[in-house]
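Look for chain A in each of the two complexes below; its partner is chain B in the first and chain C in the second.
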Partner chain A sequence: MELITGAPDRTLLLVLMATPHEADTATTMFRLADAALRAGHRVTVWTCGWATGLTLRSLGGAKPRNLASWSIDYPSTARLADDLIAAWPDRLTWVVCRFCMYDRGTTDQPDNVTLAPSRRFGRYLADADQSLMMGVM
Partner chain B sequence: MITRLGAVSTFGGTPGEPWEGLSALTAPGPRYLLIESRSPMESPDVGAFADLAAGLADRGHPVDVVLVQNAVLMARAGAAGPLPALVERTGVTVHADDHSLVTRGADCADLIADVRLCNAAGLVELLLTSGCTPIWH
Partner chain C sequence: MGGTGDPRYRALAIIERAHRGAVEAQFTGPLYLARGLGAQLDGPIAVVLRGVAVTLAVAGGHASALHLGDRSFDTLPDPASDIRALLDRDGQVYVITQDCALLAVPIDRMVDGVVPIDAGLLPDLVECSALVWFL
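Right after this comes the complex of A and B.
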């Protein structure tokens, strides 16, 4: 088995489809992106369907307070994405599918994400060394 | 597979001689990374996904099955599901995500024998292994 651990700088495309909140798929995606970036790879996250809402500015920086853990600040997915992009500006590209965004009204997107037409998906796929489709549309 | 190849060989070439495509079809193919995110209680497709892993291994493909999210629940010792039979298959390696286990209150030390613990970095390493074809369920 040939591992590429000694040869970083590969591009991993993570495609998050459909409803990320029905399970902890968004958490898994964030963990994979973080681990790949720390290992020296490039990551492109393509969000489709309702996953386009993960980066909504209207989510703010924190989730609503948890009554069971009143003093803990739980970051919103928008803040997690923003922090990850800020930490790896040259290695992480966060793409929001423009069709899905308009279709679902998730248009309040921050400036540090890329809005792309759905037809551009093929280009990101071709540019990636590996891709993983997460979730079912 | 051999039966199918035998049938194909009758469609072209000289009868009795090996079909020229035989080596390509019988050569070690890609290694597969099957990522299961659901438990058998969520979806009957979990059993079919395990069957897919077994079928690929039977055809000579190395298969890594990584359990994430709710799928890790079937990695617990004594849990019901298709895992005990799958881990005994030659060519199949089963991994369980440590974060998913911990966040579900499962004991990482009490798993079905031969199930390996992995983390996000390990999953990224598997994803970026040369020739790896990942499938998410």
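Right after this comes the complex of A and C.
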């Protein structure tokens, strides 16, 4: 993507519509976001549908223990998102679609994500220099 | 492969889908499930990888680490390791040769011990298994 290698300080909107555990879209989103941030850009992640569940506080910081590898710490997606936000507090905004959050019952969201009404999507789109919609809700 | 007498396998797990969320699943993929369920049986389990799932048996298929800011996570799926764990527990892992060919996955890149079979043998495998699971 040209944005990642081009002039810095641009805004990338990553719209994650894909349902977790269906494909590797969320992994791709994490990798893209980190790459864009490292290149000096701003990133807004907008999650819709079940993707709003990636940041649930109820996931805790780690996945349940791996019965075959008891001592390994496997981070939850909530922790991965939290780490990414903590690493780039001024350049990354993680937005949870409020409509989808209520629709899917994924209401236990942390304080460092922004809850936005679905009608605000157009504003985030207008503010972005480039956008990428990932997956189908 | 005969269909009479005691079943050769307590369970036959058929896996057709793969790569369903590396950061979400990490270790909790269908191979982990097959291993966990198989451990509760009193007999061997066989796994058949079909379609894109044949890529799970490729040796060295471990996803690269995930970098987020200053942190690095190396706990993404390692299906080849899961395959070896199944084989170590006297399990059997098959891949469908036609699907390997379709995806241009060379048979010689598979984890040691994985057995390529013709798709036409799948009904025989079903017949000699007490349980059939689609995972």
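We adopt the following convention: the second predicted complex is superposed on the first by the 130 of 137 C-alpha atoms of A that agree within 3 Å, B and C clash if a C-alpha of one lies under 4 Å from a C-alpha of the other, contacts with A are read in each partner's own complex, and residues count from 1 in each chain.
We take it that a residue touches a chain if its C-beta (ideal position, glycine included) is under 8 Å from a C-beta of that chain, and two chains touch if they have at least 3 such contacts.
Since this is a predicted model, take the numbers as computed values, not measurements.
*Asks:* Looking at A:A86 after the superposition, I want to know if it touches chain B, chain C, both of them or none. Which is it: first, second, both, neither?
*Replies:* In the superposed model, A:A86 contacts chain C only, not chain B.
*Asks:* Quick check on the superposed pair: does A:T107 touch chain B, chain C, both, or neither? Answer first, second, both or neither.
*Replies:* neither
*Asks:* Touching A:R31 in the superposition: chain B (first), chain C (second), both, neither?
*Replies:* both
*Asks:* Which partner chains sit in contact with A:L12 here, chain B, chain C, both or neither? Use first/second/both/neither.
*Replies:* A:L12 contacts chain B only, not chain C.
*Asks:* Which partner chains sit in contact with A:S118 here, chain B, chain C, both or neither? Use first/second/both/neither.
*Replies:* Touch status of A:S118: no partner.
*Asks:* Which holds for A:H41: it touches chain B only (first), chain C only (second), both, or neither?
*Replies:* first
*Asks:* Examine A:M133 and indicate which partner it touches, taking first as chain B and second as chain C; both and neither are also allowed.
*Replies:* The first partner, chain B, only.
*Asks:* In the superposed arrangement, which partner chain does A:I72 touch: chain B (first), chain C (second), both, or neither?
*Replies:* In the superposition, A:I72 contacts chain C only.
*Asks:* Considering only the contact definition stated at the top, list the common interface residues of chain A for chain B and chain C.
*Replies:* 23-24, 31, 34.
*Asks:* Which part of chain A faces chain B closely enough to touch in the complex?
*Replies:* Touch list, chain A to chain B: 1-5, 10, 12, 23-25, 28, 31-32, 34-36, 38-39, 41, 129-135.
*Asks:* Quick check on the complex: what are the chain A residues that touch chain C?
*Replies:* Within the complex, chain A touches chain C at residues 20-24, 26-27, 30-31, 34, 37, 54, 63, 66-69, 72-75, 77, 80, 83-84, 86-88.
*Asks:* Which part of chain B faces chain A closely enough to touch in the complex?
*Replies:* Within the complex, chain B touches chain A at residues 31, 35, 37-38, 62, 68-70, 97, 99-100, 103, 119-121, 123-125, 127-132, 134, 136.
*Asks:* Inside the complex, what are the residues of chain C that reach chain A?
*Replies:* Touch residues, chain C against chain A: 19-28, 32, 35-36, 63, 66-71, 73, 75-76, 85.
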